[in-house]
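Next come the structures, one after another.
In the two complexes below, chain A is the common chain; its partner is chain B in one and chain C in the other.
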Partner chain A sequence: MKRWLAILLIVCLVTTLFVGCSQPEEISDGTVTITIWHDKEEEVAAVLQTELERLEPDIVVKLERKDGLTEALKLVGNDPKAAPDMYFFAHDKLGVYAEMGILAPISDFIDATALEAYLPMTIEAATYKGEIYQLPLYFETLLYMYNRRYMKDDKVPKTTEELYEYMRKTTVGGHYGFVEQHSTAYYSAGWIHAFGGYIINEEGQPGLDSKETIAALEYHKKFVEYMPSEGEYATVNTLFREAKAHSTIGGPWLVPTIRESGIDLGLAPMPVVNETGKAIAPYSGVQGLHVLKVAAGKKHDAIIKVLQQLTGDEVGIAIAKASGCAPAKLSCYDDPDVAKDLMVMSMYETAQNAVPMPNIPEMDVMWTVTENLLVDINMSGKDVTESAKAAQKKALDLIASMK
Partner chain B sequence: MKDAKKVLVLFIVAVLLLLSLSMSVFADDVERIIVYAKVPEDWTEPCVWAWADDGTNAFKAWPGGEMEADENNPGWYYCWIPAETGNVIINANEGEVQTADFKLEAKNAWLIITDADTVEISYETKTTGEIPEYVEKFPVHAKVDENWEDVCIWAWLHPDGTNAYEAWPGKTMKAKDTGWYTVNVPIWVNSIIINANGGEVQTEDLTIDPAEVWVTVDAEGVAEFTYNDPDAPVVDDITVYVKSPADWNEPHLWAWSAPDGTNVFSSWPGEALQDAGDGWLLLEVPGWVNSVIVNGNEGSVQTADLSVDAGKDLWVVVTDAENVAVYYEKPEIPKEPEPTETEPPAETSAPEVTSEPAKEEPEKGGINPLLIAIPAVAAIAGAGVYFSKKKKS
Partner chain C sequence: MKKRRKETLWAYLTSAPSLILILLIVVFPILYTGYISFTNMNVYHWFDFSFIGTENYKRALFVFDSGFLGALLATILWTIVNMVLQLVIAFVLASLLNIQNFKFRRVYKTLLMFPWAMPGYVSILLWKTGMFNSQFGLLNQWMEKLGLEAQRWLATDVSAFICCTVVNLWLALPFMIMIVDGALQSVDKSCYENAILDGANWVQRTIYLTIPSIKPIIAPSVIITVFTTFKQFDVIYLLTQQVGAKTGSNLHTILTYAYENAFVTNNYGYSSAVSIIIFVMLIAFSLLTRKRLREGE
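After this line comes the complex of A and B, so read on.
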């Protein structure tokens, strides 16, 4: 009797599991609903919504703006009742979520050959441990910006030594030739990359004490001498916005407020480091769509259609026009309006050298360790090599603690 | 003394507010009209004062924009104004004589002023030749040695050599009550010479940005310049009083002005706080300081960035790195009870980061154990860094 009861229970359990696996996509009146979390500005969300409304009535996509999206995903990313089906965000957290096991590779839904039409940098950013977890839509990089009232187009420094000379000549009387967030890891990374150094590599190895990184930090110090010692976000941006700085390196998100301030803004390629022949190579952030595992099975076909809808050129072009973002798909740059957008094309040009922000989990500990190192060097005047070695040790200790 | 400081600060704020109210808010690319005026012979250096219907002024201060003499039309002066600011007064002799205010249509206008009360307005061209182009200008101020008379400016574009004025010694600078000589020069100028005595004495070539600038010249003609008004009101020093945790050795103060980023001290961790008695430490810093950090143990422990009101003495009570109170009057601090031997040792206020990993329990979804460690280590690293270094936003 007990045996039969046990068999019956097993049958019930297995049946339940199979029912779960073969559960039809959430259909009500023949409609599948896909929920996408995002944290984007209205203009971008509106473009996505318009594009995805083309899938109706078969598929209804609900774009939900979510504050604290990354933390929320950590908490409920594997909870079928609470998690969204997809989310739209930058690529740099996908390593964490992949390790958590909450992401499904997009190659489960899209033919890999379709991704050949994308800028290689964006696919690199979307890849973690050999799997592609994001459908890239657009990307952002830092830009070299200048005030055309002070810096004429034909005088924009092409090399870092030209920039240094420009700073020496024009930093006087409360005006600065060039300002940047010199002691912030995100901004310093561009200089480090130009020397062949790195904050952390794909294998999760910190590179703060590599000879290339040390050379970059040592070289960069002389530029810091001609900048305000307090080089944080508000200081740098205010100086540029109030026409007290001739040039800066900043993100595209600053452009609207700079233009509102009446600055005649110029954008130019990043200066090339004379010593290495490589341009300052900032991090890039690639924004795109990710699929959560909780939805991958039960809404597989609908997810395919959503992703396919967003692989068209129209959405990349529309986002570029709506908010000046640089499309991830190469063919979008054939559009005449995109091709004549100075900001978009500047990002496209910078993207040729840009380095995708590391998407590995270990990067989380590197931001603050690197910024401490920069404060030690640029603000406390400590020895570069000793500081770099100490920071490297700290980083290794913290990463070891993870494991 | 404290009341006097308060009054001073209030006065400065009021002055700044008034200045900001009177400033033009018109961008460079607004639609403009030219206002021509033919003024009585005894009207010298005519100016135009203009404002929009909503009260926005075209110029920063009375008497307004200087009118230029039109070389092709003797007796006529002109000035470009934003088309929106059609409410106009023409004045001269440093504002001593003026017309009544009148409203212009949003198109070029020619005014024949017979006297202060008689103005004929025409929108038909009354001058001959081309209407001069609008050229944006910026003010150059110079303070020179008392032996320098008839101060002039010579201005040009380097390196192409285009001169702003026809002949040396250039344009006469107008003496102001403040002791500064002032002139507006075209926006395309990037090089100037201040000279005097008919061009007999002069500075060297000065390369400047096209922005309001103050040039100070000594008797030998050696010049220095700044883009920040040297006569801007100076706020008195303030005193920062601090109570710091007992285990913070040699507490220091780091202070700066945000957002311009001017630091009081040259390097972190700043300057040591001095004993003020009764458990308080103190340090005097410039009155423009609006951001401070208290730190100890050679900067390895610190508060967050504390935004404070400029120009006011401060009392900063630091319980620990995360718990800080700022007062603008000396606070009453109740004495802490002496710990008894039976009481357990007080726990240090551990960073909240310890609660972070608990949010990601592995059983919730088979999460990789590595991931549980990541936020914890990251947070601890962040906290450690936060507590150990100055910065970051």
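After this line comes the complex of A and C, so read on.
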């Protein structure tokens, strides 16, 4: 009896081992199946699914939510059995995948003139070394948000000096005039750009010790003095949601929870930096569809149809209505509902100055180096110039280590 | 003889799937990492990588600069402090749980095991925001009630080290308490009776009877814990070094240091070389610990 039980357990173990290695069955009745990996919220996925169901029965599109999508693509991106045909993600990783050789340019499937109808910023984001690798659908960028209970619409600071004055007057007794994630690269980039500085340029050259970046970090420091020392996501957003912070810079993803908290939310253009006359210019993330090389040849025609289906205005408008994201296609803003949406239009306005997150592979090391620099300056009180020079050297070392 | 051979064959056959599984998920990744460390596998040579000899190891030694040395010293201190505190606290608590006629023993045991039931990631972030956060954390709320100034608990290396140790103790103590508790229960009670009759007090009984009796039982768990504490990543990283939520302290263990200085580069050949060097260090440290423990027996 024991022996039979042991044999049964061995069989179970071996079977489960090999079941994990099996492949899903292919449909072979002429229907082409396109698998798209994504990591988006349900509302966005539902809009895409509805739109792509119009291609049935010839093309069946399976949208698969994938946690850890970026790492999974690194592992199986060139494996025809395991890789998806396409994936839906932000543009900032496309340089890595293009260098790895797993991405096919979008221009192999759709006419470049079709992309002229898109916001230039989104096409810039989708381009790496002269090739367009993404069909942009929508973008996100940071917004200046304020609590109308404390800040009246006509009193919203238009310049950074007005903002500083407001912070000085109102930061007292556990209340803050303005909070932001002051020591993270993504949030500080807006200040750096307003001074003409940059974290890394298109050529992969870090700009942490440029005089513009140093000037921005020096200037930004005085604002940090009136913010909580811990500037991480949870603290900053909780302060704003609990009405302890009068204004903040945050992403559109915060808006639903802020409204749920009962905050009377106002959105305004980014303040203009007095010293340079330029508005704070945050990074933008452009979300869109990428095609993998493993599918480019064998499913070429089906991919063309999928991409064409998503170049219509309907999908951009539907996503904007469903989740408040700003469409990448210019004509979507002619829709009356989109034009009325304050959040979408605020992002559209910010997009005029926004800088697409660098999509070059070197950016991967810059997040940590820049954040360490900001922590040294804002939280540990180290000298700006010295810290910037040290960070620049570190960035160059790490970039050299990538190759 | 024939029967014995048949039994041996059967034993190998039944354990073969488990051995294959161990080979696949433990041995193969280590060997593969070793292989990758001799190649130029990186973003620019992801699928067309080639053998480059010991080049990555030469470059990896640059990671082991003064910063790495500091991280190594911090890691050794971290391991020693945590091990000593874990053993002492676990011994005291397990001894209290073993007091005769101790009421609600099971309730206390369950409560002491509770941190073990929570995922480490959740526990660490709860401690970070619930206890140490300067705006909302319980510690600063107590400070405020006492009329004291709010502190940034994770801002300096020393305070971050103490906070990380507290969180690590919270996470690791249930395991050590369980082991010491089990070991204490295995000590023959008649030995204590004899010792008491001979006039030994509690301290003498502990030093000359309890500790020597439980030492062989807890030794393997001490080795395991030394190993896991030495290669600690999550507590230090999530509390102080997480991207987007750094606290200002520069506390690093060798793993968090290697992560920031090698793994973020997406250079798998180079990162693998760093991993293999750390792996060798860990093995050496573990062998040293085992030797020490054996010498102490």
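By our rule, the second predicted complex is superposed on the first by the 376 of 403 C-alpha atoms of A that agree within 3 Å, B and C clash if a C-alpha of one lies under 4 Å from a C-alpha of the other, contacts with A are read in each partner's own complex, and residues count from 1 in each chain.
What we mean here is this: a residue touches a chain if its C-beta (ideal position, glycine included) is under 8 Å from a C-beta of that chain, and two chains touch if they have at least 3 such contacts.
Here the structure is a predicted model, which is why all the values come from computation and not from measurement.
Model built by superposing both complexes on chain A: chain B and chain C clash.
In the superposition on chain A, A:Leu307 makes contact with neither chain B nor chain C. Judged by the touch definition given at the top, the superposed model places A:Val272 against neither chain B nor chain C. Between chain B and chain C, B touches the greater number of residues of chain A.
With both structures placed on the common chain, the touch criterion links A:Asn78 to chain B and to chain C. Contact with both chain B and chain C is seen for A:Ala234 once the two complexes are overlaid on the shared chain.
By the touch criterion defined above, A:Val96 reaches both chain B and chain C. Of the two partner chains, both chain B and chain C are touched by A:Thr184. Once the two complexes are overlaid on the shared chain, A:Ala243 sits against chain B while remaining clear of chain C. Once chain A of one complex is fitted onto chain A of the other, the partner contacts of A:Gly262 are limited to chain B, with no touch recorded for chain C. Of the two partner chains placed around the shared chain by superposition, chain B and chain C are both touched by A:Glu371.
Superposing the two complexes on chain A places one of the chain B stretches 55-63, 109-117 or 289-297 into chain C: stretch 289-297. Annotation: chain A residues 74, 78, 96, 99-102, 183-184, 228-230, 232-235, 238-239, 361, 364-365, 367-368, 371-372, 375, 379-380, 398, 401-403 touch chain B in one complex and chain C in the other. Taken together, the chain C residues at the contact with chain A in this complex read 14, 16-18, 20-21, 42-44, 46-47, 59, 129, 133-136, 152, 155, 243-248, 260-262, 264-267, 270.
Residue ranges on chain A touching chain C, taken from their complex, read 6, 10, 13-14, 17, 74, 78, 96, 99-102, 181, 183-184, 186, 228-230, 232-235, 238-239, 361, 364-365, 367-368, 371-372, 375, 379-380, 398, 401-403.
On the side of chain B, the complex with chain A involves touching residues 27-28, 187, 207, 209-211, 213, 224-228, 256, 258-263, 266-268, 299, 359-360, 364-368, 370-371, 373-375, 377-378, 380-382, 384-386, 388-393. If you check the complex, the residues on chain A that touch chain B are 74-75, 77-79, 96, 99-102, 149-150, 169-170, 172-175, 183-184, 228-239, 243-244, 246, 262, 264, 361-362, 364-365, 367-369, 371-372, 375-376, 379-381, 394, 398-399, 401-403.
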